[in-house]
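Take a look at these structures.
Okay, so subunit A shows up in both of these, paired with subunit B first and subunit C after.
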Partner chain A sequence: MSTDALDRHAPAQSGIDRALGLLDGFREHIEHVQPTLTGLPVLWVRRERIVEILRHLKAPPASFSMLYDLSAVDERLRAHRDGLPAADFTVFYHLLSVDRNEDLIIKVALTGGDPNLPSVTRVFANANWYEREIWDLFGITATGHPHLQRLLMPPTWHGHPLRKDYPARATEFDPYTLTVEGQQTEQEALKFEPEAWGMQRERDGSEFMFLNLGPNHPSAHGAFRIVLQLDGEEIIDCVPDIGYHHRGAEKMAERQTWHSFIPYTDRIDYTGGVMNNLPYVLAVEKLAGIEVPDRVKTVRVMMAEMFRISSHLLFLGTYLQDLGAMSPVFYSFTDRQRAYKVIEGITGFRMHPAWYRIGGLAQDLPVGWQQLVQEFLDWMPPRLREYELAMMRNALVRERTRHVAAFTTTEALEWGVTGPNLRATGCNFDLRKQRPYSGYENFDFEVPLGQHGDVFDRGQLRIEEMRQSLRIIQQCVDHMPAGDYKADHPLTTPPPRERMLQHIETLITHFLQVSWGPVLKPGESLQMVEATKGINSYYLTSDGNNMSYRTRIRTPSFPHLQQIPSLMRGGFVPDMIAHLGSIDFVMADVDR
Partner chain B sequence: MPYRLTRAEEEQESSDRYPMGRRQSSEEYVKSQLERNVFTGKLSDVLNSAVNWGRKNSLWPYNFGLSCCYVEMTTAFTSPHDIARFGSEVIRASPRQADFMVIAGTCFIKMAPVIQQLYDQMLEPKWVISMGSCANSGGMYDIYSVVQGVDKFLPVDVYVAGCPPRPEAFLQALQLLQDSIQEERRPLSWVVGDQGVYKAEMGSQREQKRSQRIEATELRTPDKL
Partner chain C sequence: MSWWTPQLAATLWAMFQALVILLAVVVVGAALTVVERRLLGLWQDRYGPNRVGPFGTLQLIADMLKIFFKEDWTPPFASRALFMLAPNLAFASLLLSFVIIPITPGWGVADMHIGLLFFLALAGINVYAVLIGGWASGNKYALLGALRASAQTLSYEVFMGLSLMGVVAMAGSFNLRDIVAAQEGLWFVIPQFLGFVTFLIAGIAVTHRHPFDQPEAEQELADGYHVEYSGMKFGMFFIGEYVGMVLVSALIVTLFFGGWQGPWLPPIVWFALKTSFFLMLFILLRASLPRPRYDRVMSFGWRVCLPLTLVNLLATGAVLLLTGS
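Moving on, here comes the complex of A and B:
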């Protein structure tokens, strides 16, 4: 390992010492301390005591109050394991302490044909879906889980798609056909059985009504289904059902090159455009050891903030429409059209530009971009004022949203809620401030906060966020650094064209790097960003190949949907619709 | 113009696989009608045209979205693109009231039976637009959970290319659908004529526009706006 690589491991050292200190009582259960490029301490612990360890870490003094992520890796084909404990599968728990702004990753090695480990749902409520997901996709059993069923794949599915021996392509299977009988079987399998969820069909002699909302419902924002147990208007309980939008993005990453996976990231949070490229390319750059020029950083920030605005505008229109206001969506889409004019002018594409590259950007800013962006910056502020005057100060909207579907910071952290939904509860946690990346530390902006964590605050907060994004973009326009739009590094992809035409050697190198893509050294890296809907991160595992060995995509909307039942029990149906509107989710950001 | 016939009542030997109904190429339907009887042929032609004109100018879309493409579809519904110009602004949330369904987005194996059910709930006459590469062919998602094209089980009338297609492309697809509806022949009543649906084969846009497209020799460079 070069000294340079060792340096990049260094920042985690103090964190490792602290983490080991916190786990003093469990010393003999810690198997290994893994050096990674994640910047976080990564500890391997024995499976037997995982529940106690997590419980200990959640309580003070460690206070890792949020289970940020939980997923698995199929280790069976991994060549470079360099001293890692023997494992067929690894399950990892990413814990986050908002108070101390610190993280810790705990890994558990599993061996044998029937991988299993104790469920941690008793410690972290939001482990529920994550454990169902690793059962569904990896076949790892969480013993003691209250309802270990498939989550993303249909109930009739066979096999566990993220296992390395499971084929990735649809074209490797028989072509899809749908028969009358098959359709009936599938629909039958989707039928909701209250008993399976421990629900009563009646109470005191009066029957409950079970209402199936979705998977296609105008207010469900895509293919999302939720079954409600109703007593009149009141929601006794509800069960969200997801997986109608599972595009296998994580499996896709295992067969696309580092470079050609970029377009797939755009489609994770599909209203977020290049905002999705950012965590991915930053994580790849950590693996490759690329430091990008300031101009690249600033342009990336500018375009990501453009998409934050465009996504929040979409939110605003649909949120108000779900409350029953018909016209705002026409206004907000008019503004989005303006935003797209800028985005298209600069990147050449509207929704999915896939414009960031490993080590830079697809191209430089076009001539005359300042004026284009400035027009948008001048257009927006009066519009935002208008939204506030017409809607957020509107007595009807206020009555309809104040104190509806409210939750506290503690509840939010328990369920893994991040982003604007967390900040609406008054919790000041914005990664752009707390852990600045891509040069956010150089910008002057504020983090808007809410107070009550209700539907109103979640709406109002996003209007404020758009103002701050405009401020950031203004600073980009005023102080855009000069310089190159690509890093001067051998792994920058695609490499600068001028280097190609020197002699045959440079031509061949260029050709290989463009056709095969860059080969990255074995290692693991992680980048979290404050995306449009909350914290989005990519956990990349490289096995020294031109493709990733495992790409874990942690999306914010997944926990946001999981929180719904705990919040809506005892609420009313229209309040739930208002809440769905206020979460701001897209199903691709849930199911990936 | 060549036509394609779909019989209303299902023949017994037809399989139980979706899409239902037998499709076959048909001779020049309109001409054969004319030849059979000049006067009634003309009359039914006028009647058909009038009915089709009504149908094509009040197409009510079914509010149905699967993924990213749906965002561009809604963009077409809102003011800057204003779908009302083409008579399709009445968006219905119930399949029973809708005339056409836009498969805007990726068609997932978990979702396919649901889509089929929603399609079955729509009343005739009904049409399907497949919007975006995912719906057309699976697009960039050749992956275990995705159906490689919605036409594996639904009869598609218009395909829109793009990932996602621009709202303008969606509006063009709507107009193409209107053109094809104008040429369609459906039974005017359950006692008049045979009960088949004759759809005109409109030909691919790619072929029609090729000569015009290859004339472009200079493309704008991306360094200017």
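Moving on, here comes the complex of A and C:
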């Protein structure tokens, strides 16, 4: 990593100093301070002391109360590792302090054929799934983990897919076959064994019912499975089972050029459309050193907010549907149709526009876009009022949602809950305000907060968020900056077409960047955005190639689902359905 | 023609009436499935089925053809005999109740002096259909649905019977023709308003219609007690629910809204109009309300509806005693 990269992100230096200060007692265990483009301090520490260090960082004065992300990198094929401690695998812990609005990434180097490190589940409850994930995908053992089993891959799977020696393409495998016996084995493997989860089959002579809810169930919002231990209709315990929607997006990122991975991001949170492009292209632009024109920033904000509304409308309809109200989903889909009219008019696509580009946008705004957007802005407010009057003030809705599946800010942070679900507990943490990106600092809007962190607040808050999104879009319409829709930078992909047709040099660049893809300098960058469902981030590692070396996609829905059992013990089945509706998750956003 | 006696003619006429009423009820019940979807479509800003025949009127025929030719699958883990019995019971018990409904002064199947009691008895049998169906399916969702159904029916039948006693006391008879006749001057909905409200609620609960569709609760139990049923067996549960709706609407009309009575129009038209109104109410409820949690449904039944019906019965009794009528 060159020093000029550090200069570009000067604020990181003070962060590093503060982080080192907080870890004063552990100085001798800090192996290395890594300069990156993430804008965050990145410290390498010794494996043996990781539990203590994290415990120290979680407590005041450091108060990194949230384990925001935990994942790993297979370092074995990485060519540009100048100065980094020797490692076959790296595990990183991304800690977030809401109080101080500061982050810290702790990395642990692992060497040898059997990578392992102590489990931190005793420090952070939500490390549980993350450690299962790195065991599943990297084969890294978290010693002392209460239930180290596969999470995303089927239980019968062989190998660890995110390792660099694991093939990524179907053509590198033998043709897939499934015999009748094989099918039976697979099905047997999915059978739920209560004992394996420390559950009892009976109590006081009466048996519990183990109800397998999903992966196909009307209210599971996709291929999500949760096994309930029931006494009558009371939930004693439950075990969520994910991975049915796993498509290996992180692995695909290592096989797609920086440019051609953009459409894959659309399909992570598939209700979020271009909102998914945003963290990815922003992170790539950090790596490339591109500063985009104001017009690009504003258009990106506008379209991202359009998708926030569209996603929240889907949430609202299905949330009320899960409470048993049949009609609202049709009304909200009517509204979404209006949103899609705008989105389609501007981007040319509806759900997955893949419209943002590295250094800009796919096209400029079409002629007459203001009118199109304004129609939508005028249409929505009365509809939102109607939803509130008809549904959120309905006594049955209130009875079903008030004080149901409620959690406090502390619990939310413990489980890594972000976004509207966190703000429903009264915690004022919205990245658009706290860490403005893409020009959000120029907009006038409020961050709605809840109070009780229950199902009701999570619903009501999203209606309010839609109002604020409408405000932001209105400001975009009123004050859209003039200018280019692409940055004037050699790594902008694809380069401006007008010039491409005139200069042979631009033509060659265009040809290379579209066919081969742009080559980015080695480095690491990270961008978090306030996505529709919570904080979504892309942690990119470039090894000086036209493809990513490692793309870590941190999605908000993953921790939200992990939290379910802690909330549902003692609840009723209908409460859980209400809670599932209020989380607002899509399985692609969980499994990636 | 010595065998042609007035008695035989009367019997034949009664049989003919019974047959017509039976067919009419089944056809109306089946047609309601389409009417409901069209009405829901109207209220939900969408079309609903509008492709088969003019304005979708032939949708019913298409649906029936489909359901007749669907594979009639019995799961291997189900207890066969009970599994077959349940839908028949569900369909028959509600259909039989129509025996007591006087449609017009001249039309009706039976003129029974136990009228209302007969309905209450059959409504009690109806829950066995759900219970048996849910149990025999060998499916956990079905079982949960069946449990909910029995708990709910138990709670609601208690005050359903009581809610009608005010009407019975005022009319002085269980016979529905007498009850209609007693409403000559004033429909019972006015003196028996509490009875009407509680019976309406109980009626919705007994037919498992939204918002009391706890036994089915698609979002929670994925259709509950009839989740394993397909083809015509499912069809019987399905049409049975609509027959139940027609029955409860007809009963409300008979007991509280003066039955066939009304000026200018012929009795049959009045009866049909009033019944349709309540059918529409059933559908509107489904379109507009969310579903309460089932334990709340239960406590609402015991803590609100039951005391209300008791108060209503006591007040009715007191008034009748005081006025000496």
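Throughout what follows, the second predicted complex is superposed on the first by the 580 of 592 C-alpha atoms of A that agree within 3 Å, B and C clash if a C-alpha of one lies under 4 Å from a C-alpha of the other, contacts with A are read in each partner's own complex, and residues count from 1 in each chain.
Definition applied: a residue touches a chain if its C-beta (ideal position, glycine included) is under 8 Å from a C-beta of that chain, and two chains touch if they have at least 3 such contacts.
All values reported here derive from a predicted model rather than from experimental measurement.
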| item | value |
| --- | --- |
| Partner chain in contact with A:Leu396 - subunit B first, subunit C second, else both or neither | second |
| Subunit B versus subunit C as contact partner of A:Tyr244, first or second or both or neither | first |
| Superposed model, subunit A: greater residue contact from subunit B or subunit C | B |
| Touching partner for A:Gly450 - first (subunit B), second (subunit C), both, neither | neither |
| Which of subunit B and subunit C A:Pro218 touches, first, second, both or neither | both |
| Subunit B versus subunit C as contact partner of A:Glu186, first or second or both or neither | first |
| Which of subunit B and subunit C A:Leu320 touches, first, second, both or neither | second |
| First, second, both or neither for A:Tyr264, with subunit B first and subunit C second | first |
| Touching partner for A:Thr334 - first (subunit B), second (subunit C), both, neither | both |
| Partner chain in contact with A:Gly571 - subunit B first, subunit C second, else both or neither | neither |
| Common ground on subunit A, meaning residues reached by subunit C in one complex and by subunit B in the other | 217-218, 330, 334 |
| Complex contacts: residues of subunit C adjacent to subunit A | 40, 43-46, 140-141, 144, 147-148, 210-211, 213, 217-222, 286-296 |
| Of subunit B, residues touching subunit A in the complex | 15-18, 63-68, 70-72, 74-75, 78-80, 93, 106, 108-114, 116-118, 138, 140-148, 152-153, 163-164, 166, 222-225 |
| Interface residues, subunit A side, partner subunit B - complex | 152-154, 161, 166-171, 173, 175-183, 186-187, 190, 215-218, 222-223, 243-248, 251-252, 263-264, 267, 270-271, 314, 329-330, 333-334, 336-337, 345, 348, 350-352, 363-364, 366-369, 372, 586-588 |
| Contact set on subunit A toward subunit C in their complex | 209, 211-212, 217-219, 232-233, 320-327, 330-331, 334, 390-391, 394, 396-397, 399-400, 572-575, 577 |
